[in-house]
Amino acid sequence: MILAKVIGNVVATRKDESLEGTKLMIVRRVDAEGNYIEPERVAVDYVGCGIGEFVLCATGSSTRVEENKRNKTIDMAVIGIIDSIDTSGA
Amino acid sequence: MILAKVIGNVVATRKDESLEGTKLMIVRRVDAEGNYIEPERVAVDYVGCGIGEFVLCATGSSTRVEENKRNKTIDMAVIGIIDSIDTSGA
Amino acid sequence: MILAKVIGNVVATRKDESLEGTKLMIVRRVDAEGNYIEPERVAVDYVGCGIGEFVLCATGSSTRVEENKRNKTIDMAVIGIIDSIDTSGA
Amino acid sequence: MILAKVIGNVVATRKDESLEGTKLMIVRRVDAEGNYIEPERVAVDYVGCGIGEFVLCATGSSTRVEENKRNKTIDMAVIGIIDSIDTSGA
Amino acid sequence: MILAKVIGNVVATRKDESLEGTKLMIVRRVDAEGNYIEPERVAVDYVGCGIGEFVLCATGSSTRVEENKRNKTIDMAVIGIIDSIDTSGA
């Protein structure tokens, strides 16, 4: 999984049927200090995230393990809202 | 998923049988401002996209979740036409 | 999928049994103008390609969707011979 | 698989249900000399690793092969604690 | 698949059970001339490779297609020993 920041959303009226009802968020990968380290990607929101929040994103087939997601054309999802990151012991 | 711009198409008469009837588009990944950030890739058109349009592309096994696509040699597809991107709240 | 040029082949007498009888090609990813943009990779030939040809390559599990390929240790394949690329409308 | 160093952990109260009870570690990929070569990623701990340890990480669907992990939204896991690396014969 | 050179091995006493009995090799991706082009990765040896040898490596789910490997946490494997590479016709 990667750390990311939610920076917006995408409107796509014409899209694959399996995506109906999903919320498509624009996310950017960040490092542990919150610095952007990759360009934008699009992830489906699984946890009710908001713009500006730091989140955890999963990619690939891991985003379709739930029965009701198995047939959706999804390869990236927001799967957690990050409360805190502790790297003090390293 | 990634943001991309459709910039052309590919003609390949000799190809894997499973690709018969598919429309092979040349796409280039873009950032949220529409700047190209990666070289060309080839994606199968699932939504009736046109050259010059900004689109949403999915990759990997997510592009084969539908029953009639399960046995196609496809690893990238255009799955949505982007109407707008809103990053104003970030 | 990616655009690539076939630049050679690999001989590997000792190999995973599932690869017996496959033709292992050296390919290099190219952009739409045919410029090399990545180092060499190895792809199994599914379409009867020749050295010097521009081809379409698929990666990952998409290369094992056919019944007789399901149990082969293949993660990249040449799946089409490119006749032409049209990016004139972009 | 990649070599990585465990450098911290993530707290995410609101997260995909399938992740309940997992330990989310911050890891950074390293080379064989232990130098960081990539920004942070998040991996689920499968082996009881500690901060500061050098570990082996797996990615993708390989992290969900066990029956009780099949339905978890996991795409990276710590799967081994590295005792030593021997590259003296190369 | 990629071209790689075997440069060492990893000892990991504490590891995911599914990896018991596997030989964990340190490999580095090379180009067709044998130059290193990526940092070290770890691959399970499927063919009896030795340190210093040039090999073919597969990644992802392709490394788990065999019945007895389906439940192993493996995402990279050495699947062939390279005898020769011929790029003379390109």
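Read from first to last, the chains carry the letters A, B, C, D and E; within each, the first residue is number 1.
In this section, a contact is a pair of C-beta atoms (placed from the backbone, for glycine too) under 8 Å apart; a residue touches a chain by one contact, two chains touch by 3 or more.
These are the chains along with the protein names UniProt gives them: A, B, C, D, E = Ethanolamine utilization protein EutN.
From a predicted model like this one, the values you see are computed outputs, not experimental measurements.
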Under the touch definition above, the chains in contact with both chain A and chain B are none
Per the C-alpha means, the centres of chain C and chain E lie apart by a whole-Å value of 19
As a quick test, compute the distance in whole Å between the mean CA positions of chain A and chain E.
31
Which positions in chain A are in touch with at least two other chains?
60-61, 63
For this assembly, give the contact graph shape among line, ring, star, complete and other.
ring
What order results when the ring of chains is traversed from chain D, passing next through chain E?
D, E, C, B, A
Given the complex, residues on chain E that touch chain D span 5-16, 18-19, 24, 26, 39-43, 51-52, 60-61, 63-64, 70-76
Of chain D, residues touching chain E in the complex:
1-3, 29, 31-32, 37, 46-48, 56, 58-63, 65-66, 77, 79-90
